[in-house]
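Consider the two complexes below, in which chain A is the common component and chain B and chain C are the respective partners.
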Partner chain A sequence: MPSLKPLKRTEVPLWTAIILKGQGKCNIIAPAWLSYSYLKKMYDQEKKNPEMFSNLPWNWLELSKILITKAADDLADSSTQLCSIIKDLREIRQLKSKRGLRELNESNIQLNGLSLMELNELRPFVLLVMGKMRQLHDSVSTTDDKASDDESDHEW
Partner chain B sequence: MISHNPSVSTQTIPQQNQHTKSKKNFNNCNIHKLLSKIHTHDFFPNIKITPVPHIFSSLGLITNFSPQYTMEIDDILQDFEQQARAPPIKRDADLNQQLVAAMLNERMAPELLPYKTELMDRVLTEIQQQQQLLLDSYEYGDSNAEAGVISSDFKLQLMIIETDIERIAYLLRLYIRTRLAKIDSFTIYYINESAGEGSSGGIALLSPAERLYMHKHFKILTQLYNTSFLGKLPSFLQLLDDTTGGETMIATPNLDQPVFIRVVCDEPIVLTMDGDDELTLTKNGIYVVRYRLIKLYVQIGDIVLI
Partner chain C sequence: MGYYDIEDILADGEKIPCKFNLTVPGLGYLEGSPGKAIENGTKLDLPMWLAEVLAVCSTLENTQDTFIELLEPDFIAPKVMNAIRADPKAVDLHSIMANYYKLCEKWSAMFNEKQLVDAVMVMLKERAMEIDSYASNATKYVSTPFLLSLDEFEKDLYKVTYESKKLMRHWNNE
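Presenting the complex of A and B:
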């Protein structure tokens, strides 16, 4: 932990900053991506490339939520504006990830670009479906092996 | 779900007590309270200030009090500062991250991972040190409260240390509870797995405490089963680990369960799927694959589960 001096910028863990902020002892410098213009740019990018996820920090949803509730006065843009753009961004990304679910198969899937919270939203569904598909796949291939006799046809 | 420790920049607000300084100072507390009322953000960017003693000298304990204090107190303070700086806070960040990674891996893996003996030992000793420090400083705070030496900053620092301990303790608890839950559901399997390992000295799957817990728990459970219903069944149905008839009764972790992973090593990893397909995992990629395929990479740390 670096020593803290008045008017000097220091990097501290988020939770410390929140405590200090709560005591009125510091201002939080918002990360560069948490501004209306930047998020807007990301939003436009998302719209333009329907296949790609734009580049956002790993924890962007959580971070923005915390900063908007705890340190709204330190942010450059008004919190309502930020909230609405974040919501738009989130929805468009959700749409994309749901569309991507069509490619779900039993062995693997690649999910680059999604953030932690978005992954967690998908997790229960993906795990369940992949588990089931795996089971189906296994039973298909085992029946396949001994399936020269066509009695097992009805199983698949 | 908790993850890394995101850092943000802060800017410390100066305490503008230049002109009150002359009047100090056995009611330091009151001045601080007053100041915190005066300080609103509205005029913060405009005021001109000569920075006064730091609010924090470090995340150590003591603020720099002004020199008016007698030598005696200064000595104590210095003592305290040295003590407070001694615990390696810098290393803590690293330790914290290791702990988070260990916890996440454990939580997301379908099977029990080897117990992180070294990491746990270090974390536990550091927590103990910090708690001792906290106790000491509370004592110090109590004995000096009337004299007004204790500023609200001092309390704030204690609070921050306390919060830190709480955070780490939470991670520890989560880690251990996850392990216990897994041990509970696959008891017989792990009793067999860990049978020969206590003496052999290799990487232990379970800590001694966990092993003790597992055996005791199993004993109690078996007793309960026996007295409540197994005793009344015919003897060939009484086994808990029956493997005859093609079905094993021993529950084993499902290694084919898909898991979410992230690649952290620089080299791309090539996995061979069962259909002879190859899947290349590149750095920072996020994938969902079967646990069995990446098990080894998790253990050497090239892949983390998320």
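Presenting the complex of A and C:
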């Protein structure tokens, strides 16, 4: 842990920052992406590219939620504004991931750019459906398929 | 899946139509006439686990004859398959066969029915998307005919999806 001096910027783990913030001993400097203008830009990007997810941090949902509830006064924009743009972003991304699910098959799924929480939300559904598809697919695999399956098993 | 999977056991107990290839003395109770023999050519519904074995094992060591012959069961009859191809979402899977996907899996494993599997996979995807959108519904009581037509696997899928969406909402609002 670095030594903490007044009015000096230091990097500490988020949990420490939250505790210190709770005791009124520090201000949190919000990450650059957590601002209305940046998120708005991302939203416009999402709208422009219907096939792509915009580039947001791996855990943007969790971080923004924590910072908005615990350190709202340190953020550049009002929390209502942030909340609404985050909600918009989430919805447009959900719509996209749903469209991506139409491409489900028994072997793989590609959802580049989706963040941790969004993946977790989909996971149970995708796992069950893909599991069933794999079982159905495997029930008719010919001898050729089986041979190649065995090979790929070894690679794993 | 697995030895203790109740769905698997129930699916094994589903009856499918078969035809006897030989006369078996004393088995008459299967068709409601105890003490008598079951005649060659009798058509009878047998549970999957029994039919599977009897249809594969040969009666004598060096013959191709099997005890029974499997007939085409209702759940893959052309009428049903056409309905599935026409509109997967409108088919009442539960009333056709409560463990539809399991049964299809077993059936195609025996007969290597690529076409059946392809049709069923298309249906599964279509219906899964529909289930997903119903599961997003936040209200507690949903009554649509579609949810009543789910087979056991799909019901499970609905429950799991609903639960994960609920947890997500909960996390969002806490």
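Methods note: the second predicted complex is superposed on the first by the 141 of 156 C-alpha atoms of A that agree within 3 Å, B and C clash if a C-alpha of one lies under 4 Å from a C-alpha of the other, contacts with A are read in each partner's own complex, and residues count from 1 in each chain.
Operating definition for what follows: a contact is a pair of C-beta atoms (placed from the backbone, for glycine too) under 8 Å apart; a residue touches a chain by one contact, two chains touch by 3 or more.
Source: prediction; values computed, not measured.
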| item | value |
| --- | --- |
| Fit or clash between chain C and chain B when superposed on chain A | fit |
| Residue contacts on chain A - larger count, chain B or chain C | B |
| Touching partner for A:Asn27 - first (chain B), second (chain C), both, neither | first |
| Contacts of A:Ile92 with chain B and chain C, given as first, second, both or neither | neither |
| Touching partner for A:Leu116 - first (chain B), second (chain C), both, neither | first |
| Which superposed partner A:Trp15 touches (first chain B, second chain C, both, neither) | first |
| Touched partner set for A:Phe125, first chain B, second chain C, both or neither | second |
| Touched partner set for A:Ile68, first chain B, second chain C, both or neither | neither |
| After fitting on chain A: smallest Cα gap, chain B-chain C, Å | 7 |
| Residues of chain A contacting chain B in one complex and chain C in the other | 120, 123 |
| Complex contact set, residues of chain A against chain B | 1-17, 19-21, 23-31, 57-59, 63, 67, 73, 107-114, 116, 119-120, 123, 126-127, 130-131, 134 |
| Of all residues in chain C, those that touch chain A in their complex | 1, 101, 104-106, 108-109, 112-114, 117, 120-121, 124-125, 128-129, 132, 135, 153, 156-157, 160-161, 163-165, 168, 172 |
| Chain C contact footprint on chain A (complex, rising order) | 65, 98, 101-102, 104, 106, 117, 120-125, 128-129, 132-133, 135-137, 139-140, 142 |
| In the complex with chain A, residue positions of chain B that touch it | 1, 3-15, 36, 39, 41, 44, 49, 51-52, 54-59, 89-90, 93, 156, 159-160, 163, 167, 256-258, 260, 273-275, 277, 279, 284-290, 306 |
